[in-house]
Each structure stands twice: as C-alpha cells, then as structure tokens.
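Worksheet for the structure shown next.
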Amino acid sequence: MTYPTALGASTKDSITLLGRDLAGEVMGEVGFGELAFWLATQRRPTPGETRVFEAVLAALADHGFTPTAIVTRLTHLSAPDSVQGALAAGLLGGGSRFLGVTEDCGRFLHAHLPGSLPVDDDGWDAVALQVVRSQREAKRFVPGLGHHLHKDGDPRTPRLFAIAEEERVTGPHLRLFAAIGRVHPEVLGKRLPLNGAGVCGAALADLGLPLELLRGFALLARTAGLIGQLAEELRSPVADQIFRGVERDGVPVEPSPYRL
Amino acid sequence: MTYPTALGASTKDSITLLGRDLAGEVMGEVGFGELAFWLATQRRPTPGETRVFEAVLAALADHGFTPTAIVTRLTHLSAPDSVQGALAAGLLGGGSRFLGVTEDCGRFLHAHLPGSLPVDDDGWDAVALQVVRSQREAKRFVPGLGHHLHKDGDPRTPRLFAIAEEERVTGPHLRLFAAIGRVHPEVLGKRLPLNGAGVCGAALADLGLPLELLRGFALLARTAGLIGQLAEELRSPVADQIFRGVERDGVPVEPSPYRL
Amino acid sequence: MTYPTALGASTKDSITLLGRDLAGEVMGEVGFGELAFWLATQRRPTPGETRVFEAVLAALADHGFTPTAIVTRLTHLSAPDSVQGALAAGLLGGGSRFLGVTEDCGRFLHAHLPGSLPVDDDGWDAVALQVVRSQREAKRFVPGLGHHLHKDGDPRTPRLFAIAEEERVTGPHLRLFAAIGRVHPEVLGKRLPLNGAGVCGAALADLGLPLELLRGFALLARTAGLIGQLAEELRSPVADQIFRGVERDGVPVEPSPYRL
Amino acid sequence: MTYPTALGASTKDSITLLGRDLAGEVMGEVGFGELAFWLATQRRPTPGETRVFEAVLAALADHGFTPTAIVTRLTHLSAPDSVQGALAAGLLGGGSRFLGVTEDCGRFLHAHLPGSLPVDDDGWDAVALQVVRSQREAKRFVPGLGHHLHKDGDPRTPRLFAIAEEERVTGPHLRLFAAIGRVHPEVLGKRLPLNGAGVCGAALADLGLPLELLRGFALLARTAGLIGQLAEELRSPVADQIFRGVERDGVPVEPSPYRL
C-alpha cells in the first residue's frame, strides 16, 4: 500500500512542499495567503488572485463577540493549558449557521450557473430573475441575500466586487451574485443587501477553489481571528465575567419530562 | 458589565477591525499573514516582520503524513459532513510533542536571556555555553536542538536566519539560538542540528509575539496545511486504505487486568 | 435576562440535579446509564428502560480499530498533555458515516410510522413493504439494512430485540424495523441483515429519546470506548507504529493543479 | 506490523468486547458504568466498586451553567448540524482548571502515600500533617481543599466517603484525604472544606483506575451532562440570548499594541 501526496515531503537532506524546495523556494518567497491557496489547489495563484483571496480572508477573520469567539475565550478560561483546544472549540462553531453562508452561497451560485454563460448584464439579469423566482416559489431563501444588521448595504460587498474587478478575476459566480442584487426587488418586492459572507463565497468560487472546502477558508480566516481573541483575552480577560454573568442569571426550574 | 475589544465591531453602516475600516482600509490592503500578526499583537507589522512571519508559517504549514494530517483525513472519512470537525480534530494534535517545539524553544530562549544582552558573538557564546551546561547538568534537553531525520542540518534553519538578517529583525532569541548551535558540541561532545521548529520559535519571539501563543501560530500555519490535506483527500482519497490497513492488522489479545 | 435550567444547581449548602438532592438522592442511588437517560429526558427511566438503554450503549461502545479509535490514539501520541483533546478528536469522527446509522435509522423509522399503528405482525409487514418499496423506487437505501461484514446476521440485533421484549419496552420503531427485516427480500430480491447500529436507533426511539440526539447517545457510548482505547494505548502503545507506517508508505507525487 | 487489542473485535459471525461475547455476555448483562470501568482497566469491577464509580460519575456529571455547558450550547447555536462538534467543544473545556481538580487530587494523594501505610487514623493524621506542612512551606495549595461556594462543607464529600465505606472500598487515597480534612486547620489556621471534585479523585484512585486518565472519567461524566444540556437547549433555548447579551455588552476600544 502506498499513499501518494504532493504536499510536504522530507528526506535526510531536503524538505519539499508542493514539489518545491521548502527553504529555498517557499520560505521568504511565498506569502501566507498565497501558500494557503496553493496548498488547497496545488496551483500557485496569480498576484491578483492572491489579493482577492486575502481580501476574503480579511472579511471573514473576526466579527467581534460571535459564538465562536466567546467559545474560544470560555474554553481557554476552563482549560488554559491547551491553546489547541481553545482554538479547536471555537472552530467547531463554524458550521451551517454562522460561517455557513459563504459555502452555501458559493455552492448555490455554482449550481445555478447556466450551461452557456451570458455575455452581458442583461443576460445575467435574466438568469438571476429566474433563479430568484424559483427560490421564491419553493419558499426558499437565496443564500447571501439579506443581513440582520447592515440593512442598507454591507460595506464588504461593493469593496470585494471592486477588488475582483481591479484584479480582473470577476467570473460567473460574482456576476450572477451581482445580478441577483439588481433584480431581486422585482420578485421579492423589497431591496435586501447582498451580504459579505455571500460575496466571499462567490469570490472564492470564481477563484476556482473547491466548493466542498469553501467553509474551510472561512475557518482559516477565523483561526487568525481566534488567535487575536485569545491574545486579547490574555491581556484583557472577559471570559470569567461572561461565565459568572450566565451562571448568576441561571434559574433552577422543575424538570419537564420528555417523551418522543 | 461591558466587554471591551479592539477586534471586530459593527454598526448598521460600518464594520471595523482593529480600529480600521474593514472594507476600505483592510480588505485588499492587508495580506493574510500581516493581518494575523496584527490581530495577535494589535500593532501592524513592518514589511520585513511580515516576511519573516510568513516564512515561519511556510516552514510549519505541512510536513506530509504527520499524526495531525492523518487525523484530519480519518475524521473526514468518518464524518464527511463536517469540515470544521475534521480541521478541529487535526489541530487537537498540535500539543506538546509534534507542534510544541516551536513554543518550547521560544519560551526557553526567552527565559534564558541575560539581563544585559551581549554585544557580539563571543558574548552570546558565553551565555549559550552556560545555558547548555546547566541543561546538561539537570539532564534536560535543549529545546530546538536535534532532529530525528535531518541529522546533518535542517534546511529551514539557515534559511530563516538569513531571511531575518535580510530584514534586519534578528533579535536576542535568534542570537542565543545561533550561539547554542555554535557551542553545544563543546558540552555535549557531538554536533546536533538546530531544528526548524526551534528556529521558528526563536524568530516568533524576536518578532515580539506573545510567548503564550507561539503554539497558536504553528496551529494557524497547520490549518492551511490541513485544508491542503483535505483538498487532496477529496481528490485522491487514502484515509479508507489507512483505516482498513490498521483494522486488518489489529490482533485480538486477552484482556490484561490493571490496578493502580 | 434569566436562563432557566432543570439540570445542576448549587447554593452554599446544597447541590441539586434534576430537582433532586445530588448527594442524598442521586449519588449511590442512580446508575450512570440511568442518569444519562434522566439527564436527556428529565424523566427517570424504569429499570427495564435502563436495561435496554445500557444494552444499546454496550453495543456501540467500541468496535476496535475504527477511525475514531485510531484518531484518539494518534492525537494522544501527538499531544499527550491533553486527554480532553484526544477524546474530543475521536468523537469528532462520530458523524454521518460511522456513527450516523443509529440516528439515521431512528429518524427514518419515526418518519415512516403510520398515523394509526398496526396491531399485529401482518399489519406491520404491510407498512414495511410499502416503506421498502418506496425507498427502492427512490433509489435510496433503507438505513440499518445491510452490513459489510456480518452478512449472515449481526449478533447484536436479535439480542436487542430479545432484551426489549423481556423488558416489555418494544414499541413501534422496533416493530417496524423487525418487519423490514422480514419483508425486504420480497422487494430487493436478497436477504440483508438488520445491523446493530440500526436496531440501536430503533430501540432508542422506542425509549422515547429525542431523535435529534440519537447520535449523542452513540457518542456517549463511544466516550467510554475511547477511554478504553487511551488506557490500552498507555500500556500497550501502537499509535507511533501506525503513524510511522503511514509516513513510510507516503509517496511524493507531482502537484495536480485544480480549478473548479 | 500487528496491533494487539483486547477491546472490540469482530469476525463475520461474532463480535467480542474484552474477550466476551458482546451480544450474549455484555449486552443486557453489564451496566454502562460497569462497562466503562471494565474498558478502562480490562478487569470487571465488583458491584461495590461499580456503585462507588457511578456515584463519582453522578457527582461530576453536571454543574449547571459552567463554561463547558455554555460552550456546548453556543456551539450548537452556531453549528446545529453537528452534535458531535457541540459535545467535543464542551469537553475541550475539561482541562486543568474546571475539571482538573479530580485528577490533580488523585495524583497528589498518590504521590504522597507513604511507603508503609498507616494502620489507624492517628497514623494517617501524622502523614497528613506532614503533607499539608510541606505544601504550606512550598506555598502551594493542597488539591481538593477549599471551595468558592460550599464554604461550610461540600455535601458530596461526606456522602462519597460513606458510600465507599458501605461498599468496603475505602483505600489509602480516601484515608489520606480524610486525614487532610481533619488536620489542615492546625497548619493553615482555618477550616476549609474537602471539595467534591477532590474526593472524587481520591475515590477513583482507590478504585485502582489509571491516574493518567482520572480526568477522562470526569469527561465521561460530563458527556452525559452535556447531552442533557443539549436536550434542554433544544426544548428551551438560551444560547442565542447568551450570545446576544455578550455581543450587546461588547464595547469597541482602541488597539493596544503589544510587544514581547
């Protein structure tokens, strides 16, 4: 039995990564965002692709006191001996709800690309209109549309469209997402913002990254954010207050027997 | 009760990160390695610091079929619905043994810096000699010294020293580590390589990163590596063969009763 | 804001759990399986329910060198300082594939119970026939049917049916599952075993446990199994050999560029 | 290469666990606490040992809104698709601080057992006096002594001593712990309670369980508790309120640059 891999490999005198000499060709030569892209696709991104990719990672790195951030801080409070446990616990919140929109939106857009791609905005608008209508009829949401706070627009969205345009990496996923942004009021009767998590999913898909791992890139971004949360917790701790507050507000009630 | 944070914050119309406008000042402007450093220290690194930091992350990102990589692949095999679970499981192997040398070495060097720093190599050699001797007398290893495979030298070590030198960020931790590399044969009677994990710890400490989180940066690097492992597993799966191989080689034996 | 809970609560002089005095009414009075059931449903199970529940936990506790067991051992090898990390990593493999059949089967049976329950085996056979046929037409598997190894019958299945019968807790989920076992050859043209994971799901549903948490009970059982794996690993380690074997059989190959 | 194991094993027609026929000799015959003990030690406990062991598990199963419980609820809020992730995240808080006392106390007592065991309370008191004095001199706490809430006595402690006595499994660890409870005021000048986590560690050590895994048994108990937390969260959710409360009380502050 053999296990092929193109990732890290070592001999007594050499270390390679992705077929390159790690010390001579990667260290000091390849940025970390670029390397993460390269590891995931086994192809080196262009500088423009790297810039868009890193803009996505920046957009997703930290959103303040989210459940994942609170979890990392509480886990550190409870088990300060294990940095890996605190980070892993935080990442486990990166599931379908809070970090899932990025992946859901990328997959949704990909699944709805027409066989023959439109050549102009009018063409994309027609596709988008059909997409929004069929979701509406099926009583399903369009992933990436709407935001509980940024009701008049998520500032990350136009910025990421602009960066992708500057770097000439706008592809069909971003075009369809933009078209959804233009046409959905016609179907839904109100204007919703294209949210930042959604545009990130569209951009990651346009970068050619694997759909099954779009959530993985959100988790990579969040790992950096959670290290920031831990660093701040070490210097300016709040986890004990959070815990004590919840404990104090706990109220004992009678058991409520359950039977399926 | 209030919980202060300098990380992510949102209002209806704005999103900030580290006090900057996320869309306008961070996205498209700040690389991912640079951002991770900034999040951890709340200060923006110089380009030279970023290059050294990203070289460290590259050195630690992936080492092939390590326990963490195998764990991520096996967890994905067993629970393919949860990318976050597969990544978190892999990171949980980032403890004292396989990823711990980086943190151990950074902490060790920091703990042994003299109150007044030497001004030349001779001075550092004298400090290093004392450090190696006292470890020897206490029958303790010097973290970062020795490698089970790269016995004649770990190629990452001279490269990272050189990059730090180019960027003029060499500080006392790297200097002490280099001196240990020069003088230890005099005490131990044999020449051991300064390993890559160790020099990474020295460099991270010289960059001024928090000692309590040095392992965290190894975990950040490894997150990118584990996404690479997952991406390769999706296209060229080996986890089922690994599992079946171990299962096949399992041999039932009689229980062996234990009592403390 | 208050957070009601019927679980653990403390005052300076008392500790209660589920509304009972922990020291006087729970410790020494309630077995661990019984307590786990009580915690999950907030109702105390009968001795018969407890016996069936504990038989299920025994059936699911350990299956030798599964991915979860290998993961726990490898994580302990890599991070021996964190028992919680090794157990958590193993549990993260408890997803849709290896531990998921229990939950899938319980949910499937529940979703296919008729509004009016049959009163005899002939009635159940008619229901089962329809269920198996509709799955067949939809080209979907029946959860709990078939086993890669125990092709002539899984020894756990008749045993669990018998224990449930002895304790008079057989309910509609077990009855439908048994009927599927009787009638499926008529539809599928071959006889498949009712597997142990499936019958466990049926039994847990008949015990009235929450469907959303059936996987949770498999995880509880597995936690005991993984502690057994760790205990054996401490005394008779194999993880390093497993790791070295995989590492040795790794073969570097050229990167294979991917683009969505 | 072969991997010996005395745990689960299967052939086409049989399944064994710990050398016993799983279906015939374990399912329906062995309680879950008993099985967990057996898996960890490969010896079947006596009924008395099982009762003490299950009393310990009851004592540690759930303590209301602890960090681990909050973490499990928040992780479920954020990633409701992954029960295994929510449980694993909660267990990751089972480290040195909140669940660590059990293990710390068991290890501490074991390390301080005299070579020749005393035959009466006076003898144990003399040992305990020396132990408390030497900790005092070294300015170290005695693990298991003191409780932030139950200042006049932890109700679990006398109860577990009594159960162990009833079952005649009191051994040197419990005896030394009891003696510490009697003599420490003479050294410390005040009376502190022997806490429940500590007495659990003493009892587990007297049961002959592996010291390296005492924390593992606390985690097993807690797994049952966390399933209870999840079940309650599903029916009576509070995680979203907890999250929103913390988010609302977050206050943006200026970054505070850090340098080692």
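Labels for the chains are A, B, C and D, by order of writing; each one numbers its residues from 1.
One rule holds in what follows: a residue touches a chain if its C-beta (ideal position, glycine included) is under 8 Å from a C-beta of that chain, and two chains touch if they have at least 3 such contacts.
On a predicted model such as this, the values are computed, not experimentally measured, just so you know.
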The chain whose C-alpha centroid lies farthest from that of subunit B is chain C
Whole-Å distance, C-alpha centre of subunit A to that of subunit D, is 38
Expressed in whole Å, how far the mean CA point of subunit B lies from that of subunit D is 32
Contacts with two or more other chains occur in subunit B at residues 1, 3-6, 9, 40-42, 64-65, 79, 81-82, 84-85, 88-89, 92-95, 99, 210, 231, 236, 242, 245-246, 250, 256, 258
Among line, ring, star, complete and other, the chain contact graph is complete
The answer for subunit C against subunit B in the complex is residues 64-68, 70-71, 74-75, 77-82, 85-86, 88-89, 92-100, 231, 235-236, 239, 242-243, 245-247, 250, 256, 258
Residue positions on subunit D within touch of subunit C in the complex are 1, 3-15, 17, 21-24, 26-28, 30-33, 35-36, 39-42, 51, 53-55, 57-59, 61-65, 69, 82-85, 87-89, 91-95, 99, 149-156, 158-160, 163, 166, 196, 210, 212-213, 215-217, 219-221, 223-225, 227-232, 234, 236, 238, 241-242, 245
The residues of subunit B that touch subunit D in their complex are 1-6, 9, 16, 18-19, 40-43, 79, 81-82, 84-85, 88, 92, 110, 205, 208-211, 246, 249-260
